[in-house]
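Each of the next two complexes has subunit A plus one more chain, namely subunit B in the first and subunit C in the second.
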Partner chain A sequence: MLRQRVIALILLKGDLVVQSFGFNLHLPIGKLDIVLEYLELWDVDEVIVLDIDATKKNNTVNFDMIKAASKKIFVPLTIGGGISSVKDIELALHNGADKVAINAGFFNNDGFIEEAVQRFGSQCIVLAADVMLRGGSYFVWSNNHQYKPVSVTEWLRDAIRVGAGEIFINSIDNDGKKTGFDMDLMEIIEKNSSVPLIAAGGAGCPFHIKQLFDRIDSAAAIGNILHHKEHSVSLIKGYLVAKNKNVRGSHFLNYNDCIFNPNGELSPTEHLSIFFKR
Partner chain B sequence: MKVCSRCLYSSNHPFGIVFDQEGVCSGCRVHEEKDNLDWEVRRERLSQILDGFKNRSKTNYDCIIPVSGGKDSYFVVDTVKNKFGMNPLLVSYNTHYNTLIGIRNLQNLKTKFGCDLMQLNINPNSARGLAKYTFNKFGSIYWHNHAGATVFPVQLAVKLKIPLIVWGLHQGVDQVGMFSHLDEVEMTRKYRKEHDLMGFEPEDLFKDSKCPSHIKEELKKYFYPSDQEIVDVQVRGIFLSNYIRWDSKTQHEEMIEKYDYHTNKQARTFNPYEDGHSLIYNNVHDHIKYMKFGYSKVLDHAVQEIRLRRMSRADGVELVKKYSNKKAESLGLFLSYLNISSHVFSEILVRFEEDRVVLKDYEIIESKQEKNKLNLKKNGKKYFLTNDFSKYEPIMHSYYKGIYL
Partner chain C sequence: MTKLGVVNFGMGNISSITNVLHYYKIPYDLINYTEKNFDKHYDGYILPGVGSFKNAMDTINSSGLGKYIIQEVKEKHAPILGVCLGMQLLFDSSTEGGGARGLGLIEGDVQSFESSILRVPHVGWNQISILKKNLLTDLDNNDYYFDHSFYVSTHEDNIISTTDYLHNFPSIVNKGRIYGVQFHPEKSQLYGTKIINNFAKLCGGGNA
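Moving on to the complex of A and B:
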């Protein structure tokens, strides 16, 4: 079995990295290049950068900024935000992206995806959906509810038909709640999909990622909690390795042998003072 | 330029800021949590965290508290030691340019609370060299002090194997709402680089080919401990403001009352409670900040009071206007200390000037903000107390006759 990936999901509003709560409240974090510089040190497996305002503003993600920031990392980088043509994909790949994430662009018009798959290969096309639970079933919403929602299974069928390399599913209901991933949703996707899944929305502590990995063979995308602690990614990985999950451990920042509380966070350790050592 | 329709922050805030559809900034939105969260629950959470760090073998301190004697130090020490029964080690990085009041407040702090204090005193001549270098490179005379004050507690935590550092207020949460209080954000090296150090870590400057070699030697003192050391000791830095409903003014008033904290009148802001330890912080440094970003400390202080509903927005605008252009009184003194002329000073400064908020912008927005207006609290104490003694010895301070305290 392939190793399960811990992926950093970085949201941009224009040039500013933000936290997101329920797709509604956004809080400023800072600059993209500095975020990426530290994620690289903290041994993240992949990075997804999405500009959440691009489509609304009829724009694409700022490629110049991506180009400069992408020099800070060496892990696969996925770029999204307003990508809606083969030309946009080409631009993204030329500016340091390894893959592109397409959300509204696909929802709107899936014509260009097949062409893009032929030209660049399906490995670099990630189709993304924001999903909401309504009346007991899951629907895909796009571009701030501008388009009519479609059922998630229907969307998934189309995504696989046009040749998506990976599927990125973000739960609108769980976004920023820190209550854990939407397991039912992710299970539906996993069951009906033949391509790798990236689950997002709701990770609040390392335990939630273990919970996801226990039940579902997917990658975990974590957003807000990346920014809350020193070595955030390495801490999560230390816990996952300690729990025998199949992940790429953090090599230099090794928290594997620490004591964790039930949430998977570090329990305090006691040290003797150097004054008392002989 | 966008200005918040509730407070006075604008889109040029150096931390970055987000405005929602109603034109209210992220800082004001997070500030709403001060009235919405159950702070008893938050306090309980703090108590749990601190309990976990109590050193049971009694062979080491429980935590480190970084102090300057000029800000929230009294409140933090009072809370951590007296309210939660911890055994803290106070750690202070001497930022130089001290006022007598600052020196007195710091010594009074360790005495009144009965705490051990470790202080790092960087050789004043090298501090001067660093100030000159960073001012020339990116227009900051205070960078080395930020660097020292943010790294020295971490270096000590690693050396003395004390895994917890307790900071007071998280500036990012307080000003622009970078995190929700519930995020319980902790100290990170990343935040230090980006926001405390304006994007330049000492390690970065060390690689600068134009950096003189004697400055490089000095920079080493400000290097962050290695990641490996942080992992080994499992150092964590928490912020009290995530667990206690922060109200800087009221807290200081309590400290003045209980522990004889001394206030110090400030040249460029109306709030005499903060930064009274420094001759240049709310002075030359603040003046430079204003020239660079159109953003100065009086704005932060006014916003705090507006959000806590003790000051109307209109009064806030008046105060910002009044203080923003105030003279930096210690400029002459500081220039002679740096040994540069005022001509060279302005020449360097002009290189770093950016887009500034025009004070007119505040008035334009004033008319539109009815809906988001905060109502003033009826019985909030509006006026700041003063008990400073500077009037007795106005010229005595730390660079008096070449003495650097």
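Moving on to the complex of A and C:
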């Protein structure tokens, strides 16, 4: 049976990995290759790397850095940031990406998505939207409000029409709040699309991922909670396996039999007892 | 020394495959579709690929790669491993894009997942059920990473493992020294990269 995916969402500002809060405050984490090496070791299912400054700077994500960081990463890698032509996609794929995420490039789409789908197949194209709730409706915003916001259902219809292989939805409202995913938003996307969905924005603890998996047929993209914590992905998977969620367990670092608190975290004493049991 | 040829017809992420070959220190050459002549012989071939069946076959045929691969596999009995689209290309034909002919190395055809129940493409980690003892893997029920909208339909003699999405479809196929995997071993962590190493072993190389 197809597993529900726990995806690491790694945000870059230029060459620096950051945490993001509300799309406007960013805290530095460190170097991409080191972050990826640990996530791979902790059995993450996939990685999405987005350069959030690239479009603003009229640039693309640093392909040389991606290439170097991807050498020992044997899980799927999706790359985004300023990708707006077939040539950009080709460069991404030649530098270690398996898929590309396209956000602003789809907003001012001049037909290149259709061409890219023809050439590389839809499974390679992830269309991404940053979504905000305004006056009771959800709108897609792009590139620091450079473009007029469009209704999320309208955006979704277009994304499916041009042949998106996956839909990536990030909630601007929930970003960095640690209150959980925007379930109403994800439900709208789930109901109006038969393309695989990736939900992002708001996961503050493992329980929030369970909440998403309980209600919605979607992958969970998590970012902030992966950093500053040893074995972060393995711990999350241990909790999800213990809660009978259909996830691919962690092989090397197995936390399946531990006692988790209601948030899905280990208490410090539980940490210690595991240490001594081993 | 055993050396593999990795076929590059200009679509998809060749570096994911070559990253694994580097990791296991398996010698290889890229066989680029832009080359003028294809006359070198390798101990085995990897045919990776993502994207459209018809586009891929157009490039493979017009570049001369198709004739070369068929000759190497059929006349010189060189082993070949097709990955994802590369596996589908080993078969007779596909219904994709109004129909296209494949390399015809294994009898069978390629069909699309059509479903109102499940999401397409089939993307993520799914398990394989091994039906037959084989040289690529003996790890039953293991997870591998899939990303595809089409699947292969072939005689059961050619099927090594199946995977369940909507119905059971072949996830590993084999006929003689011809192998195909529908999932991405190069993106399936240790148990996936081992499959590529095992293929190199059956070509006479690989790493212990």
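Everything below uses one rule, namely that the second predicted complex is superposed on the first by the 265 of 278 C-alpha atoms of A that agree within 3 Å, B and C clash if a C-alpha of one lies under 4 Å from a C-alpha of the other, contacts with A are read in each partner's own complex, and residues count from 1 in each chain.
Just so it is clear, a contact is a pair of C-beta atoms (placed from the backbone, for glycine too) under 8 Å apart; a residue touches a chain by one contact, two chains touch by 3 or more.
Keep in mind the model is a prediction, meaning the values are calculated, not measured.
K.L.:
Applying the touch criterion given at the start, work out whether A:161 contacts subunit B, subunit C, both or neither, answering first, second, both or neither.
P.N.:
neither
K.L.:
With the two structures laid over each other on chain A, which partner does A:191 touch: subunit B (first), subunit C (second), both, or neither?
P.N.:
In the superposition, A:191 contacts neither subunit B nor subunit C.
K.L.:
Of the partners subunit B and subunit C, which touch A:219 in the superposed model: first, second, both, neither?
P.N.:
In the superposition, A:219 touches subunit C alone.
K.L.:
In the superposed arrangement, which partner chain does A:56 touch: subunit B (first), subunit C (second), both, or neither?
P.N.:
neither
K.L.:
If we overlay the two complexes on their shared chain A, which of subunit B and subunit C does A:87 touch? Say first, second, both or neither.
P.N.:
Touch status of A:87: no partner.
K.L.:
Which partner does A:29 contact after superposing on A: first (subunit B), second (subunit C), both, neither?
P.N.:
After superposing on A, A:29 lies in contact with subunit B but is clear of subunit C.
K.L.:
Jot down the residues of subunit A that show up as touching in both complexes, subunit B in one and subunit C in the other.
P.N.:
Common interface on subunit A, subunit B vs subunit C: nothing in common.
K.L.:
What does subunit A use to touch subunit C in their complex?
P.N.:
1-5, 40, 43, 45-46, 67, 70-76, 93-99, 118-124, 165-166, 194-197, 217, 219, 248, 251
K.L.:
Which of the residues in subunit A come into contact with subunit B in the complex?
P.N.:
13, 16, 18-19, 21, 25-31, 34-35, 37-38, 41, 178, 224-225, 227-231, 234, 252-255, 258, 266-276
K.L.:
Taking the touch rule as given, give the residues of subunit B at its contact with subunit A in the complex, in rising order.
P.N.:
Subunit B reaches subunit A through residues 15-18, 20, 26, 29-30, 52-53, 55-57, 59-61, 159-164, 176-180, 182-190, 193-195, 199, 227-228, 230-231, 233-237.
K.L.:
Along subunit C, where are the residues that touch subunit A in the complex?
P.N.:
11-16, 19-20, 22-23, 50-52, 55, 85, 115-116, 119-127, 143, 145-149, 164-165, 184, 186-190, 192-193
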